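In what follows, a structure is listed as C-alpha cells, so that the remarks can point back to it.
Going in written order, the chains are labelled A, B and C, and every chain counts its residues from 1.
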Amino acid sequence: MAIIEVKDFSWRYQSYIGQENPYTLKDLNFEVNNDEFFGIIGPSGAGKTTLCYALTGIIPHVFQPSQGKEAENIKGEIRVFGETLTKVEKVKDEKTGEVKDKIVGMAQTAPRIGLLLQDPENQFLRMDLLHEIAFGMELLGLQSDEIERRIKEALEIVGLGALWPVAGLIHPSELSGGQKQRAAIASFLALRPEVLILDEPTSDLDPEGKLSIIKAIDTIRNEYKITTILVEHNPEVIQTYADRVLAIDKGQMIAYGTMEEVYSQMKLFMDHGLYSSDIARIGYYSDIKYKNRVPFTIDEMLTSIEGKKLNQFTIQDGQAQQNGEKIIEVDGLNFWYDDGTHALKDLSFTISKGEFVGLIGQNGAGKTTISRVVAGILRKYKGTVKVMGKDLRDKNVVRNIPEHIGYVFQNPDHQIFMRRVYDEVAYGLKNLKVPTSEMDQRVKDALESVGLGGKVNEDPMFLGKGEKRRLAVASILALKPNVMIVDEPTTGQDFRMSEDIMNLLEELNQKGTTIVAITHDMTLVSEHTRRVVVMYQGRAIYDGPTRGFFSNADLLDKAAIIPPLAVRLSHAYVNKNKGTPYYMNAKEWIRAISGKTITY
Amino acid sequence: MSNTETVKSAVAQDKYPWSKYTLGIGGGRKVTSTQYTLYIVQIAVIIILSYLSVVMLGPLSFSGISFFYFVYPFFMVFTEWWGLWGILAAYIGCVVGAGLMVGLGIVPSILYSVADLVPPLVMFIIYRGFLGKMGIDPLFRDLTDKQIGETKTHRGMAWVWFILINVVVLNLISAQLGIGIEYQLGLVPPSAYWYYWAGWFVGDAIAMIIITPIIVKGLTSLVERQGLVNTGWIT
Amino acid sequence: MAKEDAEARTKKEYVRTFIFSMKVGTPVEKLHVITKALMIVIMSIVALYMFDIPISKGGPDIAGLVFLLALVFVLLGLARSAKYLVTSYLLLALPVLFGEFFWWLFFDRALPGPTIPFYIWPGYFPIGISTVLFLVVFFGLYYRMRSVMWPLIAALILWFISITPAFLDVYPYTWVAIKTGGLFAFTLPSASVTVAFGKVLGYGVLIYTSFLFLLTTRDTEIAGALRQLKASFRAAFFAALMFRNLNIILIDYENIRTAQRARGAEVQRRNILARIVDLAYIAIPLVASMIKRSTEMGVALYARGFENAKKPVDYKETKGISYMDVIVIAIMVGFLVYTVILGHTIRALI
C-alpha cells in the first residue's frame, strides 16, 4: 500500500526580485510503499533536499509563495496516509465572493513524519540533551512519565543510553557531530513516527560512524515498522538497505524502480555524475555481467570473473619522493587541547616537495589537529615542527606561513568574503603585499587553472557548490604555496564534482604543488594519493605507500578503516588466487580485466 | 486571470523598487516559526558582533564603549530589513554583548543600551516613512549601486541624507544619551566627559561610513532575493 | 571508544554554563536563576549608590564596597568556578581596573578639601626591602618559568605594592627606598584618591557580579525561569534558542577567522582601520551562514511539530523556589533598603 503518493508535482522557489527561478522539482511521479526502505539519489543540486521538504509539507506550507503566486509555483499533488498533503485549489472567498488560488491539505505532518537534516548543528534546538529529545513530546503534550520512558528508550536504541543519568546536564557543545546526529534520530524515534525521512544524515561522519548510524536506522525500522526514506550518495548503503530507489537530476525523475533496476543503468549514472559502486563501475567498463546486469557485490563480481585470466601490467606507484626538498618536518609532536584531550601523541613525519599525501583516520583521530598545527593555527604544542626548514616556534615564521602553506577549508561558504570572483582571489595577495602588476597575472592564472577563467567578474554567491569549492582552491593557489592542505575536499559532493576536484588537485600536483589531502573518502585516497599517513587516536600508525596500507588487512582493522570496495575485492580475489597483486581501485581492476585505461 | 492583473496594477503603482517597504505592520500572514527563528538568530548575531566590537578592538576604558563600535552599522541595516526586530536586536545586543558579557554590570547595561535603541528606531521611521517616498532607498543600496532594477538612483543625495541622518544627527543623539546615562550613573569622570563623548561619536561615525557599504553590497541582495526583508514593522 | 567516553561522562561533576562551567551540587548551583538575577541587580544598584556618595556626605563607602566585592568572591568560590576565573577573567580585568584608578585620579581633580602631592617620579630609589623582594620574586619565578616577561611583570607589581604604603606614611620610606629628590610633582585633592579607589572597587563589583551570573547560569535555566514568570511555551523556547545560537555563531566565527588567517590576514602588521574592515569581512559570511542556518532551524522546528502544537507541556523545565532562595532574596532586599533607601553606610557600622 502506498503511504506517500506524488502526482505530477512541480515546485519552484519564488523569486522576489528579477526573473523567475527555474522549477526545482518538475513533474515528479512516484509512490512510497508502507514499511519500505526507499532510497533517493541524485547529483548535487538535483533538488533532493527540496523534495524532502515537499514530502513533509514544509514546502509549501512553511515556505509559502506570495498570494496570487500559488498556482504558478506549485503544480500537482502530494498525498500522505491517503490524505492530501499539498494541492492548489480554487477557493471562493466567502466575504468577497472572489475566486482565489489556495494551498490546501494537512499543514502539519509531525509527529507522523519525521525529518532528519544533514547538519546536526542546525537541528539541535535546545540547550541540553534531555530537553532536546523531550522537545517534540512536550509539543505533543504527553504525560511526564511517558516522556521519561520514551527518552530512555530512544537513547538506548541510538546507542546513547549511557548518557541517560546526566542527559539534563549535557550541553550541545559537549557532543560530537555523530552524537548530535544520533540525538536527532532519538528525538524523532521518541515521537513514534510512521515515516522517517533522512536527508544525507551521515555526510559529516567517518565511514565507520556512517555505517553504525545507518545500521541503527535499519534495526529500528524493522522493529517499529517505520517507512524510511533515505537520501544518500553512498551506493553501498543504498544497495545494502534500500528496497526501491528514485533517482532525480535537475528536479526531474531519471530513474525509478527496485534497487537492481536503478543501479543497473550504469550509463545513466555516469552521465548524471551519480556515485556508483566500484564493483559496478568495474563491471560496466570491462563488460562483465552478472545475470544480465552489472554485478553489485564482491561475491557477484568474483563469480562473474571466475576463471577469467587477468591482464598483467606493471603497477605505477610513482615512488614517494622522499629525497626531495623537505617542506614539512614534524618531530615528536604532542598536542593537548584546553580541556585536557591529548590529541596528538609523539607524532613524527616528513613531507617532501612534489608529494601527494593522504592524511586519513577516524573522526577524532587528530587529522585536523595536525594540519592546524602545521598551518600555524594551533600554537601551544610540544615537539618540533619545521616548515621549509624554519622552526614554527619563531613568531615571524608563523606569521609568514600563508606564503608557504595553503589551507583549503572544508566549507567553502566560510572562506568566501568578497563579492567578486577576482577580488576573492586577490584578497590573499593583497595581504601578502604582492605588487598590483603581478597580482593581476596571478589571479588570472589561478582562476584559469581551476576552470573559472570566464567568471572573473561574477559574484561568488551565485556560483554552484562545486564552483565555490574550486574558487576556494584558486584563492589559495594564487598565493603559490609550497604545499596545499585540503580538508575534506569532496564532502557532500556528487561523483562528478568529486572527480573534478581530485583531478584538479592531481594536475596541480603534477605541475609541482605538494598536496596533503585530509579525507574520509577511501575511494579517492586509493585512486589519487601515492602515500598515506594513517592516524589512530593521535598517533600515526602507518606512513608509507598507499598500496602497502590497503593490502594489509591487519592494519586496516587496527585503524578502523573500511577500505573501498575495489580493495576489498582484491583481498577476496587474492585469498583465492595467491600471488595476484592487490589492485587498489576500479581503474586498475578495469585495466586488469579488460586492458582498457579509462578516465571518468 | 484577474489575479495576475491586480498584481500587475500593484506593480505599476509602485514608483520605486523599494516602494513595498513601508511603515505598515507588514505581510498580512501570521508570523511563522521560521520567521521567528530568523529574528532570533539575527539578535544572536548582533550580540556576538557587539561583544566582538568591544573586545577585539579594545574598549576605550571600562564603559562598554568601543573606539570602533562596528556593530552599529550592522544593526542599522538589520533594522531596515527586519523593522522592530532589528531595533530589538540593537538593544538586546548592547545589553548582553557590549554590557553584561564585557563586565559592565547589569544595571548600567540595561540603562545605557537605550542609546543604541533610539537611532535605529528614528532611522527606520525617517527612511521608510519619508526618504523612501522621496527616492532614497531605505535599504541603502543607492550608496553603492547606480541602478536598482530598472530605476536609476541618486547616489549623491543618498550619501548626503545618509551622512546627515545616520552619521551626524542620530549619532549625536546616541552619544549624548549613552554618555549622559553613564555620567549620571557615576561611570564617567566629570572632566573626561567630552573625551568619552568624542570617542563614542567618532567611533560610530567611522564605522558607519566604512562598513555600511560593505554590508549592503555583501548581503542585501541575498536577503532580498529570498524574500526575507520585512515590508513593515513586524513582517 | 565512544562507549568509554559515555561512561566517563555519566559521572559528570561539572556542568557547562554561559562561560566555562561550574560544579554540580554547590549552593550557588542550587539557587534559582531568578534569585541570582535579582541578587546581581541589587548588588549593582548598591555598588552604584555606594561609589557615588558625594564627598560632602563622607565620600564613597569603601567599607561597603569591599564587603560587596568580598561577597562576590565568596559566591564565586562556592560555585567552584574560581579556578577558571583567576586564570582568565580576573587577570584580564585587573589592568582595566588599574587603568581606571589613574583615569579617575586625573580627570576628577576639582574636589574640595585638603590636597596631597603626587609624584610622576617620586624621587625615591628603591633600595632595601623592596629591592630584595623584587630580586627574589624575579629570579625565583625565572628559575621556575624560564621566561623573562611574566616574572618581570610580577616583580614590578610587587615592587609597586611594597613602595606605595611608604608614600602614604604607613611605614617610613627608609624601609624600602633611599631619597634622591623628586623629579616632577603636582598636587591632587586627597578626596580624589578616595573617589578613584571607590570607583575601582565599584567597577570590580560590577564586573565580577556580571561574571558571577554568566559563570553560574546555565542557558537551560533561562527558559524555565521564563516559564515560571508566565511566559508562553513558545516565547520561552525562542528566548532559549537565542542562547543556542550564540554557541553556533561562535563556532562559525572561529572557522571563518581561521580561514581568513590562512589567507594571510595577519602576515603584515595592520592598522586599526584595516582590522575593522577585516572584521566586517568576517561578519559578511557569518551573517550569510546564519541566515541559512535559521531557515534549517525553522525546518527542524516544523519537523518536531512546533507550528501547530496545541497544548505544549513542560517536562522538567522549571526549578522550584527553595527556602534558600527566599532567604537570599530577603537578605538582598534588606541590604538594598538599608543602604540605598534609608541612606545608611556600611562604614558607619564598623
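Here is the rule we use: contacts are C-beta pairs under 8 Å (C-beta built on N, C-alpha and C of every residue); 3 or more make two chains touch, one makes a residue touch a chain.
Note that the coordinates shown come from a computational prediction; the quantities given were computed from them, not determined experimentally.
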Chain at maximum distance from chain B, centres defined as averaged CA atoms: A
Of A-B and B-C, pair with higher C-beta contact tally: B-C
Chain centre separation (chain A, chain C; CA means) in Å: 43
Whole-Å gap separating chain B and chain C, where each centre is the average of the chain's CA atoms: 29
Whole-Å gap between the CA centroids of chain A and chain B: 38
Residue numbers of chain B (touch at least two other chains): 32-34, 218, 222, 226
Sequence positions of chain C contacting 2 or more other chains: 241, 243, 281, 284, 288, 293, 297-299, 301-302, 306-307
Residues within chain A bordering two or more other chains: 62, 461
Contact set on chain B toward chain A in their complex: 2-4, 6-7, 17, 28-29, 32-34, 149, 217-218, 221-222, 224-227
Sites on chain C touched by chain B in the complex: 37, 40-41, 44-45, 47-48, 51-52, 89, 93, 96-97, 99-100, 103-104, 107-110, 199, 202-203, 205-211, 213-214, 234, 238, 241-243, 245-246, 249-250, 253, 272-273, 275-277, 279-281, 283-284, 286-288, 290-291, 293-295, 297-299, 301-302, 306-307
Parts of chain C lying in touch with chain A, wherever the complex brings them together: 1-3, 6-7, 9-10, 12, 15-16, 24, 218-220, 223, 233, 240-241, 243-244, 247-248, 251-252, 255-256, 258-268, 281-282, 284-285, 288-289, 292-293, 296-317
Footprint of chain B on chain A - complex, ascending: 14-18, 62-64, 66-68, 98, 100-101, 419, 461
Of all residues in chain A, those that touch chain C in their complex: 53, 56, 58, 62, 107-108, 110-111, 113-115, 117, 119, 121-128, 130-131, 134-142, 144, 147-148, 159-160, 162-163, 165-166, 168-174, 178-179, 187-188, 191, 372, 375, 377, 399-400, 402-403, 406-407, 409, 411, 413-418, 427-428, 431-433, 461, 475-476, 479, 537
